[in-house]
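Here the chain labels run A, B and C in written order, and each chain numbers its own residues starting at 1.
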Amino acid sequence: MDKAFNFDEQFRLSLSSTKNTKNIGWLCTYTPEELIIAAGFNPVRILGSKRLNRSESYFPINFCPYLKSSWEALLDAGDTLSAVIFTNSCDGMRRLYDTAEHYLKDIPVHMLDVPRNTDVRSKDFFTLNLEDLKVFLESLSGNKIENDKIARAIKLMNRKRTLLADFSELFFKGHTDINISDYYKIMELSTLSRTGDFIPEFEKLVDSLDQEKNNRSGPSRKVKASKDNNIPKVMIIGNLITEEKLWDMLSSIDLRLVSDDLCISNRYYTMLVANGSNGSPDRPGDGSKQKKDTLLRALSERYLSKPHCMRMADMGAKVKEIMGKVKKDDVRGVIFISLKFCDTMLYSFPLIKQALSKLKIPVLYLEIEYSNFSAGQVKTRTQAFLEML
Amino acid sequence: MYTCGIDIGSVSTEVVILENNNGEANGKILSYIISPTGANSKIAAEKALTEACNSSGIDRESIGPIVATGYGRINVPFADKNITEISCHARGAISTFPDTRTVIDIGGQDSKVIKLEDGNPIDFLMNDKCAAGTGRFLEVMARALEIELDSFTDIFLSTDEHVDISSTCTVFAESEIVSLIGQGIDRNKIIRGLIYSIVSKMTSMVERIGLEEPVCMTGGVAKNLGVVKALEEKLGVKIKIPDEPQITGALGAAYLAQKI
Amino acid sequence: MGVKEKVKTNIQRNLNQQYIKRLLGIIARKPVLYAYSRTSPSATYKYLNTISIKSMQDAYNGKQAVGFGSLFLPYEFFHGIGATPFLPEVMAGFTASLGLADRTLEKAASSWYSQDLCTFHRSASGAVEMDIFPRPSFIITSNLACDAAQKSFYHYGRIYDIEKQYYLLDVPYENNPKAVSYLADQLKEIAGNIIKNTGLREDMSRLSETIMISNEFRKWALKVNALRRKLLDYPSYYNGLSFILPFHGLAGTRETVALYKLMHAELKDILKAQQSQSAEKRSIPKRILWLHLKPYYNNDIFEIMEQSNCSVAFEEINNVYWPELDPAKPYESMAKKMLSHPLTGKIDNRLKALKQMASDYDIDGAVLFSHWGCRQSNGGARIIKDFFAKKGIPLLVLDGDCVDRSNSSAGQIKTRLQGYMEILDSK
């Protein structure tokens, strides 16, 4: 537990120390941080500021709370950001991009178009869009992005994702006493901190947790107790959930989180970029587009194959993927939690509900808004749900 | 000749009788009445007009044009014309403060921001369908706290601390307050928090439309100096309040009646 | 009780697919159709009724393969391969005007569609869950304009058990040559799949002919729009917000060409009458540009506007946004049509189109009907408002709901509209 808090502190510091470096903001997990790093910038995820002040007057009341709070953060960003990369993820994101372009004239913005299908044609098209992003980043830095830089960045990001996956495995399998709050705080920090600084520190943490696990050769004390007491195994499915009050509430009650599908964890770290370690250089004169852009194609492949957001066309495939996890992780109850007004997430619920009921697994449906989060009410509903399990 | 403005709101009905100084822009207020609307706005309008006549000692017949405004404006059979609250509040505000550029009106179940240019309304915004950020919100909260609404001002001024009320929804905020009281949190802090919550709602409306000075506030809630002060702090401007902010709509209607 | 009221009551009493099919069969018969349209104020409107009913009847009879499609698809594609299009979003508008939306929305709510979602899509989803729509052989949707369409349409695939026949046209963010070929290839592939699965046959000459007919429709629609620029007072009974089905779903049919020809002839007469009227007899109404859609249940929005001497001079949705299509390159042409839609990509595309309309139609004011839950349109309201303000045109953002009467307050709408008209009047 202590370790997690030190960790937290350290990375908040490391974040403030990055203020003078060239940060590029990004929002959606379809943004290839690899290219940002290769261009010599520091990717920082915009996670929003929960206290809305000026932002409310730009958007309607029934508009994505994450995007509103991100806008608040962008209004306050000042000169801490060299640019912001948006993705064509959803209607709300398109309008946030427009708002930034119209009212935030000092910060360069780029829109990365992300296909909704995952066939070869889509992956080829996305490769072309990554090329556009590369051009944008090159014009921003004034330097060409060499292939070896991309290859190095891929390697770095693969390392980070591997560590995050290892850490999550330890957490979900109950090999550590780190609580839900701290787990998600670390997930958030992993997208806020300088990748190069984050990895060695994080490596130490994961190593020490691994050590603990090996010394103990069995589940942690807490998990053992929860197993003995038959505490229900739960999975969380949601979108961009970063509500601290929610994590604190979940940490304070008796449940075992064994799996998740969220923008800040699984959808971010799962799956590596292939060929990251031995990217082949450009081969001039080679007519085949595929070969010429091997690295960008590999990025395209990864981002269009990773655990998806509900925005993608084939929601059925996504639901199947989730059900796979439900079975694999022996989930007994699912908490579905959506930020309000997220059309794509909300439309997935009837599908998820139906698929879960086939497996006879109950699901708790929650919609939250940062400004309207009523911890007491959510706690009551969650506890009642757990009692039902 | 006299003109009359009548503002039938969801909570209260106001009547203003105005002396018409030969068509001059500013006549004198002969009398005004504020009374509850109740279930039947037609009856309320009739009653308020009779009262206003009685208190000013004039006959019904001596009143010339009558303009009705407010939600009940279409249910006033004796009105010569009905004009929306937007135009009436704007007109009422400039009769008191001629150079007003922004009018903030918080009424019983309605709040609005009106932008003026040379005394004419050029843009406006009204609250969305819920009661968040209206007088009703404060009323419900006062009831939950078992405190008179009138004492909100003194309490607001007596403390610097507040708790965040995260819910702007009246229903949720009420239960949030109940649980805050349960946690033993100082009522005064809750009240300050409530005032900030209504003010933050209004601020975003003002910013949506673009703040221009001078700012005038009208409607019943303008009598609550705690809200006014908090709003001044948040917007960073001085806010002008008419002597009787609640009759601004009716007053504006009476002035607009002069043009009929 | 008029025929329209009778239809309404009967359908409310017998809300099931078989009954609707029978009812459409009865209405489509000439005498009834005549009676149904008798109250229509214009020949155009009568003809609009006729072709709308015929189109629905075709879908319910299912003689040809029925394809569900979302708004803004190039429907030349459907007609070109011989499929009957059925537009659930347009039908959601009908659920509102027939007084059925309470039930479809209730069904959607009980099927776990969140109340925060757009009611066009929720009502259509409810109708599909209730099985009152004809059964489709395939479903095509796109991300053009909004997310809600593609997501709700995915559910239809599941409910009708044709998930493999659900196609999402991924419309790129930018309109450039690589985007055109990306989209044209998708259209070609989808056509191939549909043909393989439905027994329809690919007939390039028919497809080319459809494209030519569509160009003819485009030509007449442009002529109608040109006339509307000159009209001092566009008659409200032509309400341009009722032409979505022919403008989109029936693009590429001869009926739509005939409809716009007819409208052109009628409007020409109206223009002549207006011009011969002496100037002092007329009070020229304020000209309003209407953005987005309108409520499709009974409402008095347009009466309120008329009473305040305001007239809708043009509606954003009637803008002919696409270039002439090339019959020799049907797929590419259709891709270009989609990509030139002002609701794709940046909001600047919409602003550019609105700017043109504001000047073409000499606009005094604009109303953006802010339909509850429409993220793509309402999310840009502030930008649009500021954009018009710079041109000295006041914009009213009118909050409401196009389908769910209970999610909108008639009193509030009236006050906002009248307040806005008073502002326009004082200018």
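To be clear about the criterion, a contact is a pair of C-beta atoms (placed from the backbone, for glycine too) under 8 Å apart; a residue touches a chain by one contact, two chains touch by 3 or more.
The shown structure was predicted, so the numbers you read here are calculated from the model rather than taken from an experiment.
Undergrad: What are the two chains with the top count of C-beta contact pairs?
TA: Most contacting pair of chains: A-C.
Undergrad: Please identify which chain has its centre, taken as the mean of its CA atoms, farthest from the centre of chain C.
TA: It is B whose centre lies farthest from that of chain C.
Undergrad: So how far apart, in whole Å, are chain A and chain B when each is placed at the average of its C-alpha atoms?
TA: The separation of the two C-alpha centroids amounts to 47 Å.
Undergrad: Quick one: report the Å distance separating chain A from chain C, using the average Cα coordinate of each chain.
TA: Result: the chain centres lie 38 Å from each other.
Undergrad: How many angstrom lie between the CA centroids of chain B and chain C, rounded to a whole number?
TA: 41
Undergrad: Hey, what residues on chain C touch two or more of the other chains?
TA: 382, in rising order.
Undergrad: Which chain A residues touch at least two other chains?
TA: 57-58
Undergrad: In chain B, which residues are in touch with two or more of the other chains?
TA: In chain B, 128, 208 touch at least two other chains.
Undergrad: Can you list the chain A residues touching chain C in their complex?
TA: 57-60, 62-64, 88, 90-92, 94-99, 101-102, 111, 113, 115-117, 121-122, 125, 128, 310-311, 313, 315-316, 338, 340-341, 343-344, 346-351, 353, 365, 367
Undergrad: Where on chain B does chain A make contact in their complex?
TA: Its residues touching chain A are 128, 166-169, 172, 175-176, 179, 200, 204-205, 207-208.
Undergrad: Can you tell me which positions in chain C touch chain A when the two form their complex?
TA: Per the stated touch rule, the residues are 111-114, 116-118, 143, 146-148, 150-152, 154-155, 158, 163, 166, 168, 170, 172-174, 178, 182, 185-186, 345-348, 370, 372-373, 375-376, 378-383, 386.
Undergrad: Enumerate the contact residues on chain B facing chain C in the complex.
TA: Going by the criterion above, the answer is residues 71, 83-87, 120-124, 126, 128-129, 208.
Undergrad: Enumerate the contact residues on chain A facing chain B in the complex.
TA: The touching residues are 52-54, 56-58, 61, 371-374, 376-377.
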